[in-house]
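Beneath this line is the structure, given in structure tokens, with notes to follow.
All chains are identified by letter, namely A, B, C and D, in their written order; residue positions are counted from 1 within each chain.
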Amino acid sequence: MSGQERVRAVLENRLVQRAVILVIVVNAITIGCETSAYLMERAGGLLHAIDRVALAIFTVELAARLYAYRTAFFRDPWNWFDAVIVAVALIPASGPTSVLRALRILRALRLVSAVPSMRRVVGALLAAVPGMASIIGLLVLMIYIAAVIATKLFGEIVPERFDELPRSLFTLFQIMTGDDWGNVAQEVMEHKPWAWIFFIVYILMSTFVALNLFIAVVVNAMNDVDPAETSEPTELAAVKQELAAVNAKLDRLLMRERQEELRSPADR
Amino acid sequence: MSGQERVRAVLENRLVQRAVILVIVVNAITIGCETSAYLMERAGGLLHAIDRVALAIFTVELAARLYAYRTAFFRDPWNWFDAVIVAVALIPASGPTSVLRALRILRALRLVSAVPSMRRVVGALLAAVPGMASIIGLLVLMIYIAAVIATKLFGEIVPERFDELPRSLFTLFQIMTGDDWGNVAQEVMEHKPWAWIFFIVYILMSTFVALNLFIAVVVNAMNDVDPAETSEPTELAAVKQELAAVNAKLDRLLMRERQEELRSPADR
Amino acid sequence: MSGQERVRAVLENRLVQRAVILVIVVNAITIGCETSAYLMERAGGLLHAIDRVALAIFTVELAARLYAYRTAFFRDPWNWFDAVIVAVALIPASGPTSVLRALRILRALRLVSAVPSMRRVVGALLAAVPGMASIIGLLVLMIYIAAVIATKLFGEIVPERFDELPRSLFTLFQIMTGDDWGNVAQEVMEHKPWAWIFFIVYILMSTFVALNLFIAVVVNAMNDVDPAETSEPTELAAVKQELAAVNAKLDRLLMRERQEELRSPADR
Amino acid sequence: MSGQERVRAVLENRLVQRAVILVIVVNAITIGCETSAYLMERAGGLLHAIDRVALAIFTVELAARLYAYRTAFFRDPWNWFDAVIVAVALIPASGPTSVLRALRILRALRLVSAVPSMRRVVGALLAAVPGMASIIGLLVLMIYIAAVIATKLFGEIVPERFDELPRSLFTLFQIMTGDDWGNVAQEVMEHKPWAWIFFIVYILMSTFVALNLFIAVVVNAMNDVDPAETSEPTELAAVKQELAAVNAKLDRLLMRERQEELRSPADR
């Protein structure tokens, strides 16, 4: 067994895989604990130490995988995912930027790539996206058009909601989720009483499109998963096989009868 | 090849179609940019120029399509859609009405008619509407009845919500979407403590009807799309065909036996 | 043709039925108009006159139906529905109670019984209710239990939300619909910081049960409607019929062979 | 009939079971009434008496069941459920802790174990949970990651929402339910204008995952319940049985033909 194979055996060992999952979970918890001033005061050193150890383990594990699988490593997109997360985790150590430090918790996402059932769930979620592309495009188009109209018509009346296109986009996204839209509409309607037309048309249309987006996902999911449907063809296949056997036997019968017929005039 | 056919070939050229889509997208972006005072100051002339060029391209393309397809042009509802949008886009150039200027962005809807997959999505959305007509009618009837009752009972107590029928309709639509209904109900209940009956009955009934509206759409969608269901009849058809062959062979066997029987008494 | 049959023919005439629908719609609009002080000042007399005429027409039509169908009249629940609505409409004429006057608009519900497609939709909605009884019961039980707990624990802290059982029930219904629950929870959490447990458990459980209520409705609807499913048994039935024919022919073949066999020893 | 069997017969008597259900309902109502200061003043003694009687009945019934079924008692999880509820109900009598007193109403949950249809509904609800474990895990992971990021980035800006991890978790759960998220986002955006990225990404992702959680439940439910699907295999089974008969008969035919063939050379 070569060194490469030995490393591979270790990596595919169930205990090792569970240990890695444990390290991910522990690390996620310690990063969470670091947000608490109380805990940092008392156990800050310990938390940082655990964090550094965990990062070291991740780096070693990734390097081991790279060594064990070589080029095959880059074929699995989940490996890319892990590599990016570990790489990002290595960067903030150098700079003290607060955003990058906050993003360190993204390391917890490695849980997804380490637990097979989660990997499958995320795979299924992502697989559902392309089928929804057209409807999402339509939804984005609708929000964009509504935002341009709202900026032009209501921008000067309610500047804190509609003064610029980006803010209008945000407000209209908020309205689409149904949050507090009554107040926004009423603020506008104080100046332009006919504005209810805009809001009601927008809500009805965006809800209807979002509803159909939802339906597209459900219909896709049902067609993909449905096991009852797929079990039946096998049943039918059995019927077909039996029927083929019947047919073959009939062919043999017919053949023999013909032979007999051919022979019989001579016989008799 | 006549001039008409040449124009048609150009219009159906993939590159030309992509170019039109590009013009639509660019135009949508420039109209969006026009909402920004900052950009208008710096590049207002350019934005207006692009806008005018885009409109010219749309007009030319529409005229070309009208020339190329003649009467067939009017048979496709998407062409009517494009024609109306371009016509509306040509009007506001003459008058400075702010609403019409704001509606110029509707031109971006041409993206729907230009991209086949979006066309299909919108077609599917519109096809779902007739099947929901009865439930939508019921929902509108319920909101109308609730609005008349609310105006009569609560109009004098909470005039900013229920003073006139249109405002009551708006408030009840808002309540149906679940936005801030608790506050509206509490304002009313301060004066009429039994008003919770009205609001809870209204919410339960409107939600239930809206839920069934939703279900009608889902059930329609599933029946339309389901490909697994349609694949099976072909399987069954194969079984039936095979069975028919078996039957025919048996008929031949029976026929021969009968012939033999008829002959045999003479033979023997 | 007896008088009874003649009345029945008139009632079942399409034009008469449409006229009744028209009267219902016009009456619904005039009752709506009566809520407007502006319109009442100018055309109050006209509106009241139309109202009285419409009520007279409803009464006459109902009496005619009673005369035409006699006892069969009481067998259709929709006739009971109409009778109750007309009866309620006749009462408020005598007394000036505001609530009863407001309920006059319920007359517009006659539209449901007069339009066949609406009748069917409402029938389908009501048919869905019994299947959901257990889940609705569970939901009511959950809200009741949560309301008793909330009244005991939070009644003295936030009396305007939880002071008495009925108010707690209202607040918890509001929380279940997701309206403004964050604020309610925060008010309570100011005094009892652990209250988030109660709110999050309540929201998760009530949402989960409500979601399953929804699923029960969808599953019921799909099983009722699914036409693709029902078409297949006929396909299979055809296969079965053909197979039975095959079997019968084989029986005849076997019978003949046996007869031949029985005869042949003697022959030869 | 032994004493054990007699007790069992009594417990399984329909009238006895209905009486127990009645006691549960009455007890639930009296516990609800105890929250009213007005009723406690007037009928507090009666309410407490009913409560004690009900608890006694529950204890006796549970003891009887334990006596009647012996070890089989512990095999049904619903019996454990009842035992725990009655045990909890017996504790607070000793101590005056307000929380435990409030939890007395949980006794009403015995209604679930006493009514078979409710038992089935709850069983179905619980059976749906394991299938959703991965998606729930993903959702929890997402909220946790978002909460850590939010605490680090927004903790100092909006301390009343994000100062500590637990509060951030609560706020993000609230945002996921769509309640008042616009205000939270706007508070943060006053200081960090780019914060909309965080909120919109979080809302889109959590809604998408929650939606898929929902779909998983629906798909599970449909596969479990679908009776149309299960009826077909029986149809197919009939076809298969018939086909097997056909095959057997053909085998007999072939066998005879062969025998004849073997005999015939000798005969002729």
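Observations, loosely collected:
Heads up, the rule we're going with is that contacts are C-beta pairs under 8 Å (C-beta built on N, C-alpha and C of every residue); 3 or more make two chains touch, one makes a residue touch a chain.
Just so we're clear, the structure is a prediction, and the values are computed from it rather than from any experiment.
Counting the residue numbers used at the interface between chain B and chain C, under half appear in both copies, so the two copies meet with largely different residues. Of all chains, the one whose CA centroid is most distant from that of chain B is D.
Per-chain Cα centroids separate chain A from chain C by 38 Å. Separating the centre of chain A from that of chain B, both taken as means of CA atoms, is a distance of 27 Å.
Residues of chain D in contact with two or more other chains: 178-180, 218, 222, 226, 229, 232, 236, 239, 243, 246, 250, 253. Touching chain D in their complex are the following residues of chain A: 28, 31-32, 35-36, 98-99, 101-103, 105-106, 108-109, 111-112, 115, 117-118, 120-122, 124-125, 128, 170, 173-174, 177-180, 214, 217-218, 221-222, 225-229, 232, 235-236, 238-239, 242-243, 245-246, 249-250, 252-253, 256, 260, 267.
Interface residues of chain B facing chain C in the complex, by the touch rule stated above, are 133-135, 137-138, 141, 144-145, 147-149, 151-153, 155, 164-165, 168, 178-183, 185, 196, 200, 203, 208-209, 211-212, 215-216, 218-219, 222-223, 226, 229-230, 232-233, 236, 239-240, 243-244, 246-247, 250-251, 253-254, 257, 261, 268.
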